[in-house]
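Alright, structures below, take your time with them.
Two complexes, one shared chain (subunit A), two partners (subunit B, subunit C).
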Partner chain A sequence: MTAATLNPEQARARRIRRERVRRIVRHAILLSWTAIIVFPIFWMISTSFKDTGEWVTWPPRWLPHAPTLHNYAQIFAFSSMDPSLSRQAAEQAFSIWKGLGDAVLVCTIAALLALLLGTFLAYAISRFNVGGKYFRYTTLTIRMIPPIVVAISILIYYAVLIPYATSALFGTRISLFDTYVGLILIYTVTTLPFVIWMMLTFIDEVPYTLEHAARLMGAGRITVIRRVVLPLVASGMVVTFLFVFILNWAEFLLALTLTHPEVTTLTVLLNKFQSASEGRLYGPQAAIGTMITIPVVVLGIMIQKHLVKGFSFGTIRR
Partner chain B sequence: MQCFARWLASERIFPKIPFVLVESLFIVTILIPFILTIYISFLKWRANRPFETAQFSGFENYEAVLTSDQFWLALGRTFYFAGVAVTIELVVGFVLAMLVSECTRSKKLYTTIFLVPMMIVPIVVGYNFSMIYIDSGPLNQLLAPFLEPFGIDPRIRWLSHPVAAQFAIIIADIWQWTSLTFLIFLSGFSALPRQLINAARVMGATPWQIFWRVQFPLLKPAIMIAIIIRSMEALKLFDPVVLLTFGGPGTSTQTVAYFLWEQVWVFNKFSFGAAASILLLLIFSVLIYFGIYLLIRQSAVGRTA
Partner chain C sequence: MAQISIEDLVKTFGGYTAVSGINLEIRDGEFLIMVGPSGCGKTTTLNMISGLEMPTNGRIVIGGTVVNDLEPGERGLGMVFQDLALFPHMTVFENIAFGLRIKKVPDDEVRARVNAAAAAVHIQALLDKLPRHCSGGESQRVALARTIVTNPAVFLMDEPLSSLDAKLRVDMRTELKSLHKRLGATFVYVTHDQAEAMTMADRIVVMSKGRVEQVGTPLEIYNRPATRFVAGFFGMPTMNFLEGTVEANDGARRFRMAGLEHPLPDAVPAELAGRMVVLGVRAEHVLVGDDAAHPGTAQLTEPLGDATLVHFDSGQGIRLVAKIGPATAIQPGSLLKFRFASESCHLFAVEDGARLF
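Right after this comes the complex of A and B.
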């Protein structure tokens, strides 16, 4: 009613004004969510530069009074050379090198293995319908089993059945508990469904006629895969690899339960600081947290565009 | 050798190679341990005694689990956490995606920032929030101006209060995983056909009508996917519990995953844990079946559309 009585110019001015209010409200909401997201990360980074006394002062300081690299020096164990430092620095558990090395080793090998097997299987599913129509869905069930259930059965398997079986068969007890092989194996299996899913969406996009033509011209099966299919899905494979690497990197429950004390990934290492006898070491923890976070956020932003594919299981199409 | 290679490359055998490889890997690492777990669940065995001395006990462990209040409470708590967290994540993620999809210039920037929590390792999220909730943390500092005039010491120990600790965990989950629902909804919004909305607008539909009659029905698949994926993950909640509260105070923040972990790894009750995990898997398999069914249906719809 009111809009009809206004002349066109007034109506237009009103629309513009309303549009502007909408925009301000929109940005206000989005910016406040940005603040909510940024704050915990900012706090961790800030804490990682604080000196011992500043970790838990009241009132808390938002920025370190005197920024120091002390925490980083501690976790990278540069400062252990200096005998005058606190006894905490001498504690071997501080060193991030073992955790970093183990995490990189386990995550990389597991991701590569899963990528190799998963891509091959995804190709077979896409081209030959191996395993029936619903196979691609049933593999997902493995991903959906709660990890604690997997952890309990794997623990019993690694720590009981395999030592018993090997001592009966070969005369030596081999335990996969707390070994690289054991952790790599379980990471490979738990990430395979994701690899299969992601690679399926990439391989399905490669037209079959291309392969058919190559086959007709006399190329062998392996040649077709290597020369036709692989170059076309290479970027997809890189994305899948990075995605799976991030999943393994972030994994905590299986690493916590299947390794102790030998193999230590970074997530387990961070947790160890929690239960340190001399109270929580907020500063080094923050430094380790920052070190864990940086690579995944960088990799994640690199593959951001493809993330939705991995998470939506190919059911959402852009 | 050549003959063998040709046999491997033949139409009948070649596609089966990866299938056999992967399936045998699954059998060795998932199925056999699982059968072993079922076997163990019928034994009376604690890890601090040798395995050979374990005795067959029938359904005793299952009885113990089913009559254990802690198990049911932990399970109920897990569903409660998941329900609250996922609901809020869906609503917030939806609103954010809607607002961001309306942006023009700043869309990319907002998307990048909003997706960061998803990439942060869950255990680091737990650590970050534990820093915020501690008695001399920034949360209490922000609250101090409201509390100090009333003579209340603002240094509240949030994680020592049962209900506050529960919400601390839920908030950490929301902080991290709203980014996922946001991502799913954003791609849903950007896949909406523009012509349809323009047509509705030309025909005089109000923005409210356009949203409820045109956009919302088209987004239903995305909403479904978000609900399935998030609920599945939320029910596995473990990492932030370890970092924030260790299941405490008391057992007020024990999720079912944490409860099982404590039974097996702290109290060494292996056969109890085995029985509980079998039961848990049975309960979850209903959900898993339902989730897979919905995924198949959704993707069938997506393909024909």
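Right after this comes the complex of A and C.
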């Protein structure tokens, strides 16, 4: 039957049928993709509740036979440690506390620093066209460099060049390797482009006439930023902070290369359970993995809506 | 004293000249309106007075002080912006109080002055609201109150009524004018709306392409436009323009073009004889009636209620507009006869549009 011979009723039915098939296919594709993405997370959570014997049984058990909190008890244990042996003791006890503390400290300070610097840089780029018309895009390309390229050269700076230079020049050896300052610095630098980019979209939306009005009423530049611009981009700053915090939280390569054992973030700690010295302790590893993932998911859901706006490359406006 | 002198003011952006050498005296207590099409440099001039733009060249003197190097906040001005620029995160009260807070005025005085300013524009009931909960007209008043509260000697306004609907705009016009009377301050107002300029201004500055075309009272501007541009810019509908020559026979001056002749007043200088000119006639001075000399064909009528506009072809492919009484019924396509009221015509030079008579 050709289209010309179809009566309107039939044509409509056919259109509805076709639309329904399309919808089913679309959902089938999305569901299977979701399954692929979600499965490792499901497996991790499931394993975190399994006892030792079930970690690698074959055929695999999808759900723990006898769910246990043993893995969690182990990672959250406060072991009473001999202070002189603290490092080794911490390593023996799979405890999450040291890693958690380091991760929270480093990620928070680095995200705050990047936010502070990035906001003012974004303001300068937005209002004074610093760096020219395309500077904002150039900034983002910094993120296109593979982290491993940076990691090795930074390692050489941190572990060799800076210690050598400082001892030669000042007589004291200052090393940034395996220090909080070192990791915070590199995290601040690597996330700065994101902060600039996101804050630019928020600051661009503040009409400059607001600043003009404030200046005509006698406010200086700093007052204008403090009383007019910052309050208006405050929610954007919170979103940006959380986003950058998540980035730092999930960062592995730089932390692995530039730290440990003194500074150990959670992702590095997680990796330890795969190493030859610790064996393959899937249970505690899965428990830690779950604990790391929870804040990412919670924060991610909180800022999801704003992220679309922040990364819409200026094409979507309210 | 809030007299403003603008001397040889120039502003260029890269290769583009926005304002090219303006001289202007704004009198103390005057309501001066700068008007012109978009891109004529009026807003740039206003921004240079306010200090938001630095002049490329020239001087601005406010109350006897050269203000070129003063910060915007140090010039003793108040400004109302086109988008009003109310701070969205502050209540109406805090918006109005902002300037006083910056100047560290004591709390009691802030409260008293904000209330007084709010009362002046009848918005006492809005003080606790956020700007986004105010209507267009209310926001307008908040912006005014915020400017009034600091008692500036000069009010700068950049198309403040453009965001309002037509009815409200007319109401606000009246209100602004009475506010100006009450405050006695100098108002410098920028608009592209000739009706705003005509109704509110003590004097109008007409600008085009970064230059001042004419400065004068509304009636001077309307009745004796200095250039063809001013003549065309003011008046609804636009003035009719016809190109032709001036003839002088036995003392009687005439304007002549192909198929059309029009007697000119005797006061037209004899030197113009033989010269190509542009004759300008306003629609209300095009008279339509049986006693008229020239035939034409009506093409379109626009009833305005109190009058009707008739667009017609004068026979030479030249379209003219006449404003006639509402009772006269002319149908599109019908023939009519027209003439120009002889005393009310303007002559402009063909080359530069300067007024010849």
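Just so it is clear, the second predicted complex is superposed on the first by the 251 of 318 C-alpha atoms of A that agree within 3 Å, B and C clash if a C-alpha of one lies under 4 Å from a C-alpha of the other, contacts with A are read in each partner's own complex, and residues count from 1 in each chain.
Following the convention adopted for this analysis, contacts are C-beta pairs under 8 Å (C-beta built on N, C-alpha and C of every residue); 3 or more make two chains touch, one makes a residue touch a chain.
Here the structure is a predicted model, which is why all the values come from computation and not from measurement.
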Joint occupancy of subunit A by subunit B and subunit C, clash or fit: fit
Which of subunit B and subunit C A:Leu140 touches, first, second, both or neither: first
Touching partner for A:Pro231 - first (subunit B), second (subunit C), both, neither: second
Which superposed partner A:Val181 touches (first subunit B, second subunit C, both, neither): neither
Partner chain(s) touched by A:His212 [first = subunit B, second = subunit C, both, neither]: second
Partner chain(s) touched by A:Val56 [first = subunit B, second = subunit C, both, neither]: first
Which superposed partner A:Gln304 touches (first subunit B, second subunit C, both, neither): first
First, second, both or neither for A:Ala28, with subunit B first and subunit C second: neither
Superposition-derived comparison: subunit B or subunit C, residues of subunit A touched: B
Touching partner for A:Thr223 - first (subunit B), second (subunit C), both, neither: second
Shortest CA-CA distance in Å separating subunit B from subunit C in the superposed model: 10
Footprint overlap on subunit A, where subunit B in one structure and subunit C in the other make contact: 220
Sites on subunit B touched by subunit A in the complex: 9, 14-19, 21-22, 25-26, 29-30, 32-34, 36-37, 40, 51, 92, 95-96, 99-100, 102-103, 106, 110-125, 127-129, 131-132, 134-138, 141, 144, 155, 175, 179-180, 183-184, 187-188, 190-191, 221-222, 225, 229, 232, 235-236, 238-239, 242-243, 256-257, 260-261, 264-265, 270, 273-274, 277, 280-281, 284, 287-288, 291-292, 295-296, 298-299, 302
Subunit B-touching residues of subunit A, taken from the complex the two chains share: 26-27, 29-30, 33-34, 36-41, 43-44, 47, 56-60, 62, 117-118, 120-121, 123-124, 127-128, 130-131, 134, 137-138, 140-142, 144-157, 160-161, 164, 185-186, 188-189, 192, 220-222, 246, 249-250, 252-253, 256-257, 267, 270-271, 274, 282, 285-286, 289, 292-293, 296-297, 299-301, 304, 307-308, 311-318
Contact set on subunit C toward subunit A in their complex: 50-52, 71-74, 77-79, 81-83, 85, 87-89, 98-99, 102-103, 146, 150
Subunit C-facing residues of subunit A, complex: 207, 209-210, 212-220, 223, 227-228, 231-232
